[in-house]
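Okay, got some structures for you below.
Shared chain: subunit A. Partners: subunit B in the first complex, subunit C in the second.
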Partner chain A sequence: MSALLEVRDLVVEFGTEAGTVHAVNGVSFDVEPGEMLCVVGESGSGKSVTAMAVLGLLRRPPARVSASGIRFRGEDLLAATPDRLRALRGDDISVIFQDPMTALNPVHRVGKQIAEVVRLHRPVTRKQAWQRAVDLLTLVGVPDPDSRARQYPHEFSGGMRQRVMIAMAIANDPALLIADEPTTALDVTIQAQVLGLLRKAQRETGAATILITHDLGVVAEMADRVVVMYGGAIVEQGDVTTVFAAPRHPYTLGLLESLPRLDRDTEELTPISGSPPNLVAPPVGCTFAARCPVAAGRDRCVTERPGLVPLAPGHASACHFHEELVMAR
Partner chain B sequence: MTATLTDEIVGVEDLRKFFPVRGGVLRRQVAAIRALDGVSFSLRVGETLGLVGESGCGKSTVGQILVGLTTPTSGTVRFRGVDVETMPAADRRELRCAIQIVFQDPYSSLSPRMTARELVSEPLRVQGGYRSGGRDRVVELLEMVGLSAEHLNRYAHEFSGGQRQRLGIARALALDPSVLVLDEPVSALDVSIRAQVVNQLATLQRELGLAYLFISHDLSVVRHSCDRVIVMYLGKVVESGDKLDIFERPAHPYTRALLSAIPLPDPALRDRPDRIVLSGDVPSPRNPPSGCRFRTRCWKAQDVCATTEPVLTPTQSGTQSVACHFPEQQ
Partner chain C sequence: MAAYLVRRFAVSVLVLFLVTIGLFGLVHAAPGDPVTMMVPVEQLGADSADFIEQKRHELGLDRPLPAQYWSWLQGVATGDLGYSLTNNRPVSELLAERLGPTIELMGLGLALGIAIAIPLGMLAAVRRNTAVDYWTAALSLGAVSIPGFFLCILAIYVFALQLGWVPSAGMSTPGAPSLGDSLHHLVMPVAILTFGVAGPFTRYVRSGVIAELGSEYVKTAESKGATPRRILFGHVLRNALIPLITILGLTLPALLVGAVVVEQIFAWPGMGQLVISAVNQQDYPVIIGFAFFVAILVLLSNMLADVLYSIADPRVSLQ
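Up next, the complex of A and B:
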């Protein structure tokens, strides 16, 4: 089995005035060709930083990145030169950011910005690249693409800008697409359009997609597999049906139980008590211990950091007492 | 809506708010953003009324008008049956205490230079109520929202997002209001924190008998928290009704589309057959479509939708009203 992307023991730290922030602490995961992997977590869980580290987009310093391997098709990205990374990004690996307004250049026409991505990586003429840009705008459902290509980003709505971002991301048929909260800034009816488009883009290009989100609804809707992050580490991963139906980490379970439901009435919500850990001084034991109902009164959770243990093929949990959760839901 | 004067605490009638668009050398008004275009509703004592819609539908403008942060272009706001416009000054001061607001973003809505004590006591000082037992009142308020006296001297940045929102709620409660406008109160919070604040708001409502105007785009939270719901689109109410009317028997195509657009946290419900994905964007409120404002995105639209604006009309159930020429059959 050869994964498209292998991440092993990724550690990212940031030197700040307040001390070292341990943003990512030993994260390992694989991305298989063509799959939709959702990384879900709250702000500060390390999900975006993990993706930026893979892309080589973290400024060093203040970031310190180390890993025993970040391999894309077997090539070590950590050891790759900046030139090599630039050649990969936008070609084999592409990214869609949360806020398309800040990701697009306000002073260049949208068509030119898409054409630039093509021209940087493909031996095509200006005219061919422009035509490709128009074709891509058609593909992502921008109406009247010929004249829209000649417009500037401010003339596009939020949803349309995100379509432009997707067009740029799939311009060179990437093998890996990383989408970092691509619909968080959008209204729900527009989010539905963009999620549908991401699925279509994945079908057309066959790209593996890492979709980073905080919205469990989006995960349930989109994912083949899901990685749940908390406090800079993976607490659970598995295929989406298993993780939602039978979560084996108290954090995953707590998240699912705290959600109000659109399709039925709930009497009272069951919140997770407390707040996320301070990553300047992360706890020695399990990062979730202070908020965990399972950990209450147990020394092991406070003194020993649980590793990710496989439970079934493809399903793993980082909890000392995961077997107690089998019947919980 | 059939609220009688006895159970209505706040009512608005035909509320309009146009923001001028200026242009040309003389900065003359060349157009208007029609943020609110004829909105009426009643908020009853002790209830939670949800106001939902996408960005730009005017839901936050309603909240800002209620607390006096902006004035309507036309229309009336009633408080306990009295028109706010013609109210004596003394009553109006009382009104400003009685309706308070909690803002969406607990990071930008609290001054970084003030301690928790200063933040929470500020409304009391402004209204001259701090003199006797002020500190005790502040501690009492902090405890009401799940904080404690040990937090008195901390600054906003020393609190987490959820705690900051609790501070925002404590500030809003300082003057013993009877109505809270909650403008996206949990949208900026992390998922694991949201439920804490939602529960806290429910507890406070029970204990203090508050009426909430709950402005939100998150329909799951609205279903959990609200008794009645108003759905807005481009400055107009398209549908209103009891919670179950809206969530189980939506009559307006927009309400249906909005509900079906929300991804449910259950992989088994993926690709629901009744899924409606709207095409296109929300039109500009500067130049809204003629007739029904939703017609440009509506799959049921006919000629009449472009020529005649549908009026909000009660359906057979009696609790629900809908502004559509072709509402869903119940």
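Up next, the complex of A and C:
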């Protein structure tokens, strides 16, 4: 059984006045049907760009996308025509964006915006599509869906709008759902509700989900598998329990260590010192070397870029010295 | 909305009242005297001072300004804007008969200008930084920066004088009025007004569409699988045109004033011509009547813009 989505050696660059930004450098990963894959990393690590490249939603130019393959159910998306991509988007693959305050069109009724995605892909009447929109609003827990469907986005709170976005995303029972930091713009109390709803949506539709986040708490809560990105590349991936219990990349370790913990009585947090690499002129060696406690002056880290090495089935790390991390925690 | 409109109307009436005071004061403060203007220069002599004095008394111009204003205001309240000093006809009647030709000219210019600006601006936005965009920019910048009167003269020279395609002046050929003839006379002034409207509006539409194309809901629509055409017409256009309502509300009165020049050059018997001659004759009631009319138009079109805005944008509600 092949994966639902296979991404091989994805490279994304942006031509800017400051030079070429190497946003994604050779990213490969699989998404299995029905799984929850979390992509975690800090701002600028390339996680959102990777997802948008998969959907063909990056504007080219300035973006340049290349890969040895982006295959969805075996179909090469890079070679697909714009028409074919449009047929897939919103139907088999759908997206939930970060900021629900701006992702909805302010001048159209909410119900109409949900009905639109149904009508774009299904031969239904206006009335049937509207009914489907109301049903979807019910499903995502919007109270009084009949009258709410006739309202405009500004009449909804942030959490409610994200519910609308989710309703839109699952309207056509997609096989793959990409959620790009869906809770980042929301209040903490609402975040849990939306995550719960994503889980429910996944259960209802059986869709594989790529959940992009910078929040390890979200990863721990949601993920089956996790992909950790840094500086435009994957530095570690594996199933979430393995990666959390025994991280094999110093960056992952640093991320976990930087979380505030209740069981340790320390006054201060443990940040990862330094700042992310400059992607216009990326370092020759490991992108994390400058901030890495393991690298600490080792030549190999600054002269040779480490590749992703399999450690165990489904677990891989891109660190020359990953063995040294085995006993680290 | 009704409460808002009532309140807005009340404020407008107050503003209008203040405007009339300013108008009255300014027009009467201008140097010169309408009665003196009536007397031919060669007949001005030592004895004409008595005549002028008597005439001023007849017309009530020797009364104190507040008293004159008060009687004018009383007249306005009953729909009487006074009488022209030069031909003794009611000002309201004069304005009314000139209103038709002006509206015909302005309305057509405005409608055609916008009808051209919207598709052209959209095209320039979608094809931005291509030849289409640059040509559109050149044309619209030309329309903004070349003064209307110059274009009028140029057009008369080229199309009326040299090519003889269209008549150079007037609304119709004397003695042979027909629909075709009227349209023939309309072509040039309307084309110039259209050009003047389309120029800036194309820029507004272009920048509005470009700004909206970069917004997040466009990305959402793309992710739903909508075609570029659907995104443009179904999502972007309405959002991009909403700010134009405000600009339109501001343009409407300005266009009326701008038409004064075009009317003068093309000998178009509209309000513009009436006002120019009234100013030359210092015909106070006509000047004030026209300015009063423009003030009402400004207030009304602002109010109309607000109402339209609230209809076009669900986020705006008038309370």
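We take it that the second predicted complex is superposed on the first by the 322 of 329 C-alpha atoms of A that agree within 3 Å, B and C clash if a C-alpha of one lies under 4 Å from a C-alpha of the other, contacts with A are read in each partner's own complex, and residues count from 1 in each chain.
FYI, a residue touches a chain if its C-beta (ideal position, glycine included) is under 8 Å from a C-beta of that chain, and two chains touch if they have at least 3 such contacts.
This structure is a prediction, so every number in the text was calculated from the model and none was measured.
Asks: Name the contact category of A:214: first (subunit B only), second (subunit C only), both, or neither.
Replies: first
Asks: May I ask you to decide whether A:168 touches subunit B, subunit C, both, or neither, giving the answer as first, second, both or neither?
Replies: In the superposition, A:168 touches subunit C alone.
Asks: Does the superposition put A:256 against subunit B (first), subunit C (second), both, or neither?
Replies: In the superposed model, A:256 contacts subunit B only, not subunit C.
Asks: One more residue to check, A:55. First (subunit B), second (subunit C), both or neither?
Replies: second
Asks: Per the overlay, which chain contacts more subunit A residues, subunit B or subunit C?
Replies: B
Asks: Between subunit B and subunit C, whom does A:97 touch in the aligned arrangement: first, second, both, or neither?
Replies: After superposing on A, A:97 lies in contact with subunit C but is clear of subunit B.
Asks: Considering only the touch criterion stated at the top, classify A:106 as touching first (subunit B), second (subunit C), both, or neither.
Replies: Once the two structures are laid over each other on A, A:106 reaches subunit C alone.
Asks: Which residues, counting only subunit A, touch subunit C once they are in their complex?
Replies: Contact set of subunit A toward subunit C: 55, 57, 86-91, 94-95, 97, 99, 102-108, 116-117, 120-121, 152, 154, 165, 168.
Asks: Over in the complex, which subunit B residues touch subunit A? Could you list them?
Replies: Touching subunit A from subunit B are residues 54-55, 160-163, 190-196, 198-199, 202, 217, 219-221, 223-225, 247, 257-259, 261-270, 277-279, 281-282.
Asks: For the complex, which residues does subunit A have touching subunit B?
Replies: Subunit A reaches subunit B through residues 42-43, 157, 159-160, 187-193, 195-196, 214-223, 240-241, 244-245, 251, 254-256, 258-263, 265-266, 268-273, 275-276, 291.
Asks: Could you list, by residue number, the parts of subunit C that touch subunit A in their complex?
Replies: Touching subunit A from subunit C are residues 215-217, 219-227, 234-235, 238-239, 242, 312-315.
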